[in-house]
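Below are two complexes that have subunit A in common, paired first with subunit B and then with subunit C.
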Partner chain A sequence: MKHIRDRRLAVLVSTLTLGLSVLAGSAVAHGPDPFLAGGAFGQNQALNFSWRSGAVPVAAIQTAIKAAAADVTATRGSKAATFTYATTGGNPIGYGLGATCGVNGIACFTRTAPTSFTMWLREQGHVFDWGSLKWCQSYSVPPSGCFDVETIALDEFGHVEGLGHHVNEPDESDYLDAVVQTFSHAKPQVGWNVHAFGVCDVATLQRVYDVLSWSAKYSTCNLLATTLTVAAPATVVYGGSATAVATLKVTDASAYGRLGANPLSGRVVTLQTRAPGTTTWLVAGTMTAGATAGTYARTLTLTADVQVRAVFKAPTDEGLGGSISSTATIDVGPCKVAPCPMSAPAGSQ
Partner chain B sequence: MATTRTRLIAAALPLLAVLVAGCAAQPTTPSVSAATTPAVATTPPLTASVVPATGRPGIEAPPDAELSVEGGDPVTGRLGTFAWRGGGSDSPWLPGTPIQVGAGETLRVTPTPDIAISGWSALLAPAASTGGEGAVNAGSGSTAVEVTAPGAGSWTLAVTIEFGDLGSATYSWLLEVP
Partner chain C sequence: MVRSAWLRRAGPGIVALGAAGMLTSTTLGARDRPWVPPDCAGDARAGGTSAQAARATSQGNVGDAPWFRLDPILDANGSLAGQRLVIGRVDGAGKRTMELPSESFAAGPFGATVLVGTDDGARSRLFVLDVVAGCAAPIDTSADVIRRATISPDGGSIVESRVERESRADQGIWRRRLDRDEPAEPLIPPIGADGRFGRTWSTEFLWTVDGRELAVQSCGENACRTRVLEPTTGALHEVDEPDLGPAVGLADGRLVSYLACRGLPCPIVAIDLSTGVRRTLAPDAGPAVVIATDDGARLVHERVVGSRTSLFTVPLDGSEGRDLGAVPAGLSLHMDANRSADGLDAAAGWVLLAPEGRMPIHGAVAPLLRHVPDGRTVAVDEVTR
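Moving on, here comes the complex of A and B:
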């Protein structure tokens, strides 16, 4: 996952020096999955499916497809559409000879966002000119060369959401970063039985459908700069308290889709201070959750002028870059020399 | 450099194999080795077609893609995974359509019908590898697809072509390099 570290560094560098132009999330190698033309479904849209009349999957295949639908809900990491089996579901999933897949396709889909979709899986034993199809779920002990229905169906559900094929490194060392892949893998190839969206699937789902909450983690396949600001009172009486309030957001960039300007709650933001005219910052402490989403607060008791700034270090477990706020200055005054009324006793400075 | 006649023979092999399969009662071993695919359980009958079953190439389905070298007849690649106009189909790494080329020759891939290309990338793997293991980057770009033929041996060339908002498709060839 070296590329993730590289991207995080890139985010930091760009935040500080280059602006947003380098952060566009296009379909580049080992980046977020591309998104298909045709638009998206609604946020958290519930899509019900049923078995296509005359092409009902056998029981084991049904079970695996339903499991894949549950995998979508469990691992989408976003407000992407969900899929649920219902006997009256308006979106048919078929299995067998009637499949309209490409001549070499083991499974296929159509999508008409935001209204409907279809899915097909070829039948067990289907003869291609390159081999005969084996679904792992058709065996008590899945043989080498079989395809896992749950994995393949999850790939198709990903397509229905709008995900295009992940662009891998040539050696496919990042194959596990996505389920939606150009080349379906059979047992025992890498990723043949993965039952969760990969980080680069989730990255695109998040951009298109948004995250589930302001404290939800952002996919490590994402490349998101953050913006941190801090506000503090300009003056405070000697010995009085001043509360600095920081606001942390995803930087508002069009390339980020729905994620731009999202408030970021539940993160670790620290407050640093220094005396005016000095260069060394000291950590005042971790800021606590503020009154609104994405805000953080820390109160200082002051007897001298101080400069403050907030710092958000890039986390290691999500795809956010670090950021540092601009500096705010808090003056202790207007009385600067003791004795001050309602402040320090004479001789205390 | 391969002769034109050699290329013609190579190009005709799949067609000949299809005809044989269609006329014979017994299944015929494909001209592409079954050992190149991980999904093969049996030696299947040959029912080769390189166009999708779902519609006219370039309209309801992705276009065909032809690989050609200077002086040789083009050979249509085997269509694998694609996404096209609101639909798509998934395939594993496929053995490609055979073609004989010379080491170092420039291989040109063109869609048929000619639909504008917005991007492409090519992978090259030893034909004997299963599932494309050992594949290396054989090139990429945003305009004409041109790949330099590898050295002597049998190789699978998989080219993924992007067609803007229309979609993308992956095509495979088996390169026989004397």
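Moving on, here comes the complex of A and C:
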């Protein structure tokens, strides 16, 4: 079963990759970052980098690039590839020159997923039409107009993962929602020294690479529908107990990439009940973690027929929509009024 | 052609060129002692030598074709301290190294020459290096900063991009005719501000493969605007779509451009300049060039399929794409001089494969040339024109 799921996910990722690539020029403002052409790296793939021979960054730049690599691991919120410096690393990062950077920009990359990448940062003092590039790390007191190497390198690592530039709101009020930006901000502009992926970077990383665990939070830049089902025994003896089991998943939609059909553990799911024929639901209580991922259980002691449903209220701290299960009915019987000869023995619950 | 014009202008400026050369370097090897070019005007043989070289490179073996490469010189703090210009011929002859100020550029080759611009913080100077004769001739100076320049294919004029020295404000595109003793004149006005592109990071020139039209590309940090000038009529056609990145080429009424990716692979599209219709030529291209062949202009680009990097070519109408075979390990497709900061005038129909996609100064991996019509690969000095 797992193999089937893996194959299906591979197809979904391909679909997502194509879809997001197509969106590269028309992505919705404030949505997840678009995804670049060229496919993705493997989940949690460890990518080692080293300094390019003949173009080794100076110490301060090296330190900032390594810090950016650590920022990726700390803030990816997903199983995106990780980056680690190793003297024998097969992915060179250079400083000072590089044909791949073309004529503009302060840093650039190439990516050959799932095998390799390269990265370049322009040299301190590189002259553009507007003036000379200043890296903040080149100064003891960074001047206005300098660019933070760690932020820019994090942006480039994001590109290597496959992230395209975030599409901001027209007023750029959401600039901090992504570090992978079309326009790099220099000190002291908003976001000039952000050292963590933004929620809209993470949203796409999650869709492409999946979340780290079933209880991990989904980026608030995502808005994923959820599917909640509930199962309960159809009948129970008078005074007996019935356990309702709810299953909470991300809705299985191709647009969600790897996230579709993910079980959702560690969330707050409540069980509601009502008497058949009535319309008012009452909260029976919070369901506890079930036996398998994404399941939640609550046991009821019943002396009357009851309808149950599970409710997942949209959380404010992650990008999941709320959902309500369909209704399950539990009949108490055949005896419905005490004393019942077949009732559950006292203290059996 | 251009040589006869600039040789008439050769004169005192050469001393200033030499003065610009004395910079310390952490990347320049001791074996590469900086070269201060002599004044071409002072060498009676220079004109003749250049003419011979021009004939050789246009009709004979490409082995004596000139090339150049520009690299930053960094100080111990990793800061730009200057630029190293290496010129030479494919057959290894005439290799010379100059040290230039930080704000410098090189363009070409144009026949046997390389056009060089330097700025010492007070004035910008343009000069032409004759790679074969081994001399230099001044072309122009300006109180504004000359950021880039190119020589028209007919050799009749120099076209310059300038910014104001203090404010770095765009001063537009200027033209200086080489057959008249007149100052440079405005050719294209400064490009207007547009928030979709941000401030201008670079301005580059691009000639159509037939040399009839000039494109001026103004790039923001990510996206680029292109103005195409038809020199005889002065008509200006602007392409200002903010999802377009650096241009790859201009031919057959089409602008071929990367999208605004800031990295590779990246889609390449062709925009019909008369209709605006856009066609995707390569959905995930690596390094790319547009070249002339007997069958018309074609896009040639790297493409990764599985673990194999190959060259792929497609005509600009998007039809008949075909594989040109694997790219040898350690080599990459050489792009235009704007992107690679080096230049080699390969014969029509050929593309250069070089280490890091650039002409090597030293190194064990030799560059190769691949013939686009049939995929044949030969050593870089084997191709006849």
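Operating definition for what follows: the second predicted complex is superposed on the first by the 310 of 349 C-alpha atoms of A that agree within 3 Å, B and C clash if a C-alpha of one lies under 4 Å from a C-alpha of the other, contacts with A are read in each partner's own complex, and residues count from 1 in each chain.
Convention: a residue touches a chain if its C-beta (ideal position, glycine included) is under 8 Å from a C-beta of that chain, and two chains touch if they have at least 3 such contacts.
None of the values given here were measured: they were computed from a predicted structure.
Overlaying the two complexes via subunit A brings subunit B and subunit C into a clash. By the touch criterion defined above, A:129 reaches both subunit B and subunit C.
Using the contact criterion defined above for the overlaid structures, shared-chain residue A:275 touches neither subunit B nor subunit C, since it reaches no partner.
When both complexes are overlaid on chain A, the residue A:143 reaches subunit B alone and has no touch with subunit C. Touch criterion met: A:185 reaches subunit B, while subunit C stays clear of it.
Once the two complexes are overlaid on the shared chain, A:234 sits clear of subunit B and of subunit C alike.
In the superposition on chain A, A:110 makes contact with both subunit B and subunit C. Using the contact criterion defined above for the overlaid structures, shared-chain residue A:95 touches subunit C, although it does not reach subunit B. By the touch criterion defined above, A:58 reaches subunit C but does not reach subunit B. In this superposition on chain A, the options for subunit C are 184-192, 310-318, 346-354 or 364-372, and subunit B clashes with just 184-192.
Shared interface residues of subunit A, touching subunit B in one complex and subunit C in the other, are 36-38, 100, 102-106, 108-112, 127-132, 156, 159, 164-165, 182-184. By the touch criterion stated above, subunit B contacts subunit A in their complex at residues 30, 32, 34, 37-42, 44-54, 61, 78-83, 86-95, 121, 123, 130-137, 158, 160, 165-168, 170.
Residue ranges of subunit A in contact with subunit B, taken from their complex: 36-38, 100-112, 127-134, 143-147, 152, 155-156, 159, 164-165, 167, 170-172, 182-187, 189.
Against subunit A, in their complex, subunit C makes its touches with residues 27, 71-72, 74, 76-81, 102-103, 147, 163, 168, 170, 198-204, 217, 219-224, 243, 245-246, 259-267, 283-284, 286-287, 304, 307, 309, 332, 335, 338-341, 356-358. Residues of subunit A touching subunit C in their complex: 21, 24-25, 36-38, 54, 57-58, 60-61, 95-97, 99-100, 102-106, 108-112, 115, 123-132, 138, 156, 159, 164-165, 182-184.
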